[in-house]
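The data blocks that follow each hold one structure.
After this come two complexes, each holding subunit A, first together with subunit B and then together with subunit C.
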Partner chain A sequence: MKIEWIKAPIGRRNFLKGATALGAASALPMGWANRVMAADDGVLRVRSYSDLRSLDPAYSGGAFDEEMHACIYNKLIQFKPGDEWGWQLDAASMIEQVDPTHIKFALRDDIGFTNGFGPMTAEDVKYSFERIIDEEIDSTNKPDMGSLSHVEVTGEREGTIVLNEAFAPLWSIALPYITGNIISKAAAEAEGGKIGTDPVAESGPYLRDSWNPKEKTVLKRNPDWKGDTPAWDTIEIYPIDDENTAEIAFEAGEIDFTRVSLGAVERYREEVPNGGTLIEKPSLYYVWLGMNLDHPKLQNPKLRQAIQHAVDVPTILEAAYFSAAEPSTGIIAPGLAGNRAAGLVPPEANLEKAAALLAESGETNVTLTLDILNKNTYSAMAQVIQAMLAQIGVTVEINVLESGAFWASGDNEDLQMVLNRYSMTPDPYYATSWFTSDQAGVWNWERFRNDEFDEIHVQASQETDQGKRAKMYQRAQDLMEESGAYRFITHEATPVVHSSRVVPALRPDGLPLLRYFGKGF
Partner chain B sequence: MILFTLKRFALALLILFVAVTVMFLMIRAVPGDPVQIMLGPRATPELQAQLTAALGLDQPIWKQLLIFYGNLVQGDLGTDVFSGRSVTSIVFQQLPFTLELIFASILWSATLGIALGAYAAAHPNTLIDRVAAAISVSFVAAPAFVVALLALLVFAVHLQWFPAIGAGEGFWDRLDHLILPAFAIGLSWVGYIARLVRASMLEVMGENHVRTARAFGIAERRVVLVYALRIAILPVVTVIGVGMGFLLSSAVFAEIVFARPGLGKLVIDSITTRNYPIVMGSVLISTALFVVSTALADLINALLDPRARTAH
Partner chain C sequence: MEKSRSELGQIIVGVARDPLGLMGLIIVGVIVFCAIFAYWIVPYDPIAMDIKSRMQGPSAAHLLGTDQLGRDTFSRVIAGGQVALKVALPAVFGAMAIGLTLGMIAGYGPKWLDNLLMLFFDTIRSFPTVMFALAVVALIGPSLQTVVFVVMATSIPTYGRVARTQTLTLRNSEFILAERSMGASMARILGVHMLPNIIGVLAVLAAMDIPTVIALEAGLSFLGLGVKPPTPSWGALLKDGYSLIRQTPWLVVGGGLPIILATLGFTFLGESLRDVVDPKLRKQR
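For the complex of A and B:
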């Protein structure tokens, strides 16, 4: 190609004019105009705590992937926004549990996949669900599908989900969460059975428009979506792992919605910048002080009980959670079947009782290590525990570990005490699954082994009577506490802030359901 | 000069080899099963075994190292186990963000630092010199992450002049997003370079050629800028070359505080998740960056000052 260079007619005066204009323009903050206009541009900007890992539900990394999956895919049912756990129809026009192991469904007739992969059919549902339990696929989310046997296709858009045995969490985990996302069979097979980080066929109210790794993901409204029109034209998801950075971004007006740190709650209770609102939701996470039952130093049950009674939970919450979280009674959060109204050991410490139990144990000069993750919250908790146990004559040495080393502590036989925090889905089955005997030394770091507990874990997952199920899980937590291996601390809390432009749609635990987000004024 | 260049790049290759090998061994010495961390609590033993084999972690370490270098020679840095994308593409996608941040920081800090240092040296022991010294020392003492947070709070949150997060799209938007992070990590370099240039300038100003230039009646401005600064600036070139490593580590803070994409953040995230292929790819590139920049600084030095060549 021939390029012809033309001399620009720039005289001294023109040059000076141009330079002055350029200088004046550069003196103005460059993005100012954009930031002012951003208020009315139809773009919802939200923060996610991690970047996209996979667009394949079988390999979803968790809530951060699901925030996107839930926008670009459909499920038979979706979580209902609000304060109570529940679900609503999504891709299903009908769904019904006909007996403990059979669930009939019919799909809506107006949902189609992009890229020419046609309407959503029962074959797509069968493919999507069965691949989660397929040995070949080896999905990391296989346990969520529980006792799924197969899906029978009874019509183009009708089918029956068949379970091997009753599985209560189907309605609270399997169908409305990660594994419930329906993908196109034809599209996935064309990709060799595995979807990476590029969408192959989408069907939800939004389409993935772009992904700049470690920076942002942009979702745009699906023009072919026939369901309720989503309020926002575009959703921009910013992966920001640091909560303080997210708070600054919110206060600078650059994001509309984010979870904030518990330390910031008091400040936001007084005033949320830019006319925003603070919402404090309970969380499903559970935090506890664990004791390794296999360790020679912790064999004495009276010593473990003394430690349980010496730890003052309200003081820990004040120091580490700035009084923004409530004490917990176990591993199952309020609002879920099996939550206990009270634990066996009250949250407040009883130092006299603790000292008496220690005396009964006959143990003297006790020194124990406490392993913690290298986060401020855990450091604060550990220091409080150290001070409290010192009052009854137990010396605690705090062992701070970075996350990789900490999360590999399962097989650490020298582990003595540990401050731990596990995530949770809205079904108690998920919580108890980590504390069974076969998990000892894997995720059951306390090496708690109890046959009755193991039996409850299996039977409760098959129990469809919610009242009976709740009692079973309450008993399971009693057993954990009776072992002396656990001092339950808190379920934390999920404080989120949003700008006045946004009407957020949240799960009862505060996680966002982006496709249902509305507009403020 | 050719022999000097060859020797310098041979040394650079050796440094690169040692640094990457040490990093390879160190990351494997860190406690924590990478497969368990990568796949999370719910992975089946079969999947864990499959990934262990895919990453070559079932092989002895010496063999893993050989495989790594074997693949490296063929330009293959491996594949990210999560996304299935090539490590090379992931690393090179992040690299420009870090490079633009480092170069912007160097550019503004060197420009201001040299000007400040030269001016102070040209007016020694005056009020201006003392003020410049106070400013320089306070800049040096300001940690990058503190400056970053303060800059964010003042200019992004309070005044809302600059964006708080991200790297932007398009030239002007990216430039807009670059100002605060570059300011934060370049500030201490302003002071450092200013002090260095001042000290170097004062030494050069007393040398014969400067005195001779003055004796010939050459204008003072020309004496300072041409005869003195040209020589006095040599240590700055070396410092900037070595400073690339320091700026790379400062860039990590900036990338976290400003939620910017970049190599530093990629390394931190990958180490946390024990994503070995990405850790090694990122370390290789950032080490290469450091080694090449120091080698280039040496070469520029040698080019400007023939004594440096003979010293080697």
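For the complex of A and C:
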């Protein structure tokens, strides 16, 4: 390699002129120019962590697609913004569970689809719901529809949702989330039954105006919308993967709303730039240290219990989550049926007990591997766990894996310990579904098998008494913890910031409900 | 022996007379010194955590502040230099030794062997280094040895090709023909007569390759696929620093600065060495 020193064609005077101009520009408050321009332009600018994947609810990629779907489509019911989980009527003027397997509904008479596809009818509801469970469609979101059998159309705007058996998550997942979006039957059939990234027929308070991949999506107010008028004329959604970048964009006044990194919470607690506000919401995600029950090195239950008691969760949270997250007691977050007030193993480590359990186990010179995803948070957690387990004489070797290799760990029989994090919807059914015996070696990486747990998973999804249901899920988590395969760490947190222009409407877990966003001034 | 010592002295004096060479020599000297004596220099154990003191800025107690786990960044930078050289030196000199041997055999041996070895070199060179590294890491897992193996494997063809070209140039020289006419074996011709004429060029190449290897190790560690935590490495510092750049920019400074210095130092040294060892390639002054 040869480095050539080339004289730049910039004179001293020109350099000084440029530097002075640059200095003057940087002396302006961050985002000043943008904020002046954006102050009252009726445009809400928000960040999404990923770009649009599909406008078809059957193939929705998750929350990032749903943010848009919820604006351009309607559901029978929508999540209610606030701190408690609940729902409110949307396209339905009435909805009622008449028995455990039948739900009657009636549609509003003022909702229509764009592009001349007419008013929304019960046929559209039937088509939208039944295509999710259609084998030919092969929807990635089919499990969310649970035990749906079919939808009976009893009138132009009336119908009955029929279930094969009672399915409690219908009210917390199926209807108010991704699969609940109602599309136009005529429009979808005209497209051959599938919708891509271009809207075919929309019905919500906003219409998709444009989409520049990896750049932004623009939603404009639907002129034919007869419901409550949304506060913003236009919503611009910017896909920004990196939270640091999103924070810079927010502080520069480029966006009005974003989730921020947990590392930034301490700073934002002191002051949010530009008169903004920090909101800290609990998250539904769950993070845990898992141990593979099938691995020869982890057959001894006393060893697993020793590990459970040696891991100090508060220290992990301080190191990896900057004390912005709380310890968890299981896989079901606070606010959901089945959340446990306390786990069987306290979050704080008990090294004496851990050492005693290890001695009882008779295991010596224990060396275990800990697989993690190559992200800073997991690396920090793993190193803290490594140091903690070293205190009781367990040596941990950290395996950092790129995402492809990590997420293929389900069938890795050599897996010993793993730091894992799963996403969650607001119903406990979704959490327990990954830890049943038939998921062993698929998503159940600990290969935890328990007949009672499997039975609870099935029965609790059919239980409509919330009190009984909660107790069943609490028992399910007790069983997980008793196995020694799990050390529950946290549900993380969802810190978001918003500018003073915006009054955000958030789900209890901090996800935005953009159609309900209001104006600050 | 006396002669070779004086030749080495001449090379060092030649490098020291070139201002850039002197700068390179000093930088490389400091890096090597710090790497060798890392555990006597570091003020703190580079892997000892003190979470209560995390993400501190520079102070008298912590010259470059602390990281997310409260570890002293300066100590991790110094210890990271040791890792960088532990990867770079065996990888580069290993690749040089193997490449030199295969290259000389290709240049001096029969045509079919030359063709076979060239095919081997071209096959390896056809893999983009980073993609090859990612594939190997995915297959056998990240570790110091994996990085050394990847770098060595991908660097062999470069040294092999240079050694082959030099050997082809020298094989019909009069002194080689004279040796052959006197019945000298192939090993003697290659080891005693060819090697001293080739090694200088390869040494220059090696010096210039070291920063590339350091950067590759840092790149893999930045992707989380280099050395395993908690081993300190400059790339891992950069990775940690990147995600916390708005909270504590000193980690990025701590990880980035030594990579820049090492690159400049070894490049200056390599260029200067080239001028001294091979005056024919001397740049225009």
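The criterion applied here is as follows: the second predicted complex is superposed on the first by the 486 of 521 C-alpha atoms of A that agree within 3 Å, B and C clash if a C-alpha of one lies under 4 Å from a C-alpha of the other, contacts with A are read in each partner's own complex, and residues count from 1 in each chain.
Please note the rule applied: a contact is a pair of C-beta atoms (placed from the backbone, for glycine too) under 8 Å apart; a residue touches a chain by one contact, two chains touch by 3 or more.
Predicted model, so just to flag it, every value in this text is computed and none were measured.
Of the two partner chains placed by the overlay, only subunit B lies in contact with A:140; subunit C stays clear of it. In the superposed pair of complexes, A:319 makes contact with subunit C only, with no contact to subunit B. In the superposition on chain A, A:362 makes contact with neither subunit B nor subunit C. Once the two complexes are overlaid on the shared chain, A:216 sits against subunit B while remaining clear of subunit C. Contacts of A:398 after superposition on the shared chain: subunit C is touched, whereas subunit B is not.
By the touch criterion stated above, A:253 is placed in contact with subunit B alone, subunit C being left untouched.
Residue contacts after overlaying the shared chain place A:267 against subunit C, while subunit B stays out of touching range. By the touch criterion stated above, A:296 is placed in contact with neither subunit B nor subunit C. Put subunit B and subunit C next to each other and count what each touches on subunit A; the higher total goes to B. Touch criterion met: A:379 reaches subunit C, while subunit B stays clear of it. Overlaid on A, the two complexes show subunit B and subunit C touching the same residues of subunit A, namely 248, 402, 404-405.
Contact residues on subunit C toward subunit A in their complex (touch as defined above): 49, 51, 54, 68-69, 134, 137-138, 141-142, 208, 212, 223-225, 228-230, 239-240, 242-247, 267, 270-271, 283.
For subunit A in complex with subunit C, the touching residues are 1-3, 244, 247-248, 261, 263-264, 266-267, 315, 318-320, 374-376, 379-380, 382-384, 386-387, 397-400, 402, 404-405. Taken together, the subunit B residues at the contact with subunit A in this complex read 30-34, 36-37, 39-44, 46-47, 50, 82-85, 90, 93-94, 152-153, 156-157, 159-168, 172-173, 175-177, 179, 256-262, 265-266, 269, 271-274. In the complex of the two chains, the subunit A residues touching subunit B come out as 29-32, 34-35, 53-54, 59, 61-62, 135, 138, 140-143, 194, 196-197, 212-216, 238-242, 245-246, 248-249, 251-255, 273, 401-408, 410, 434, 442-443.
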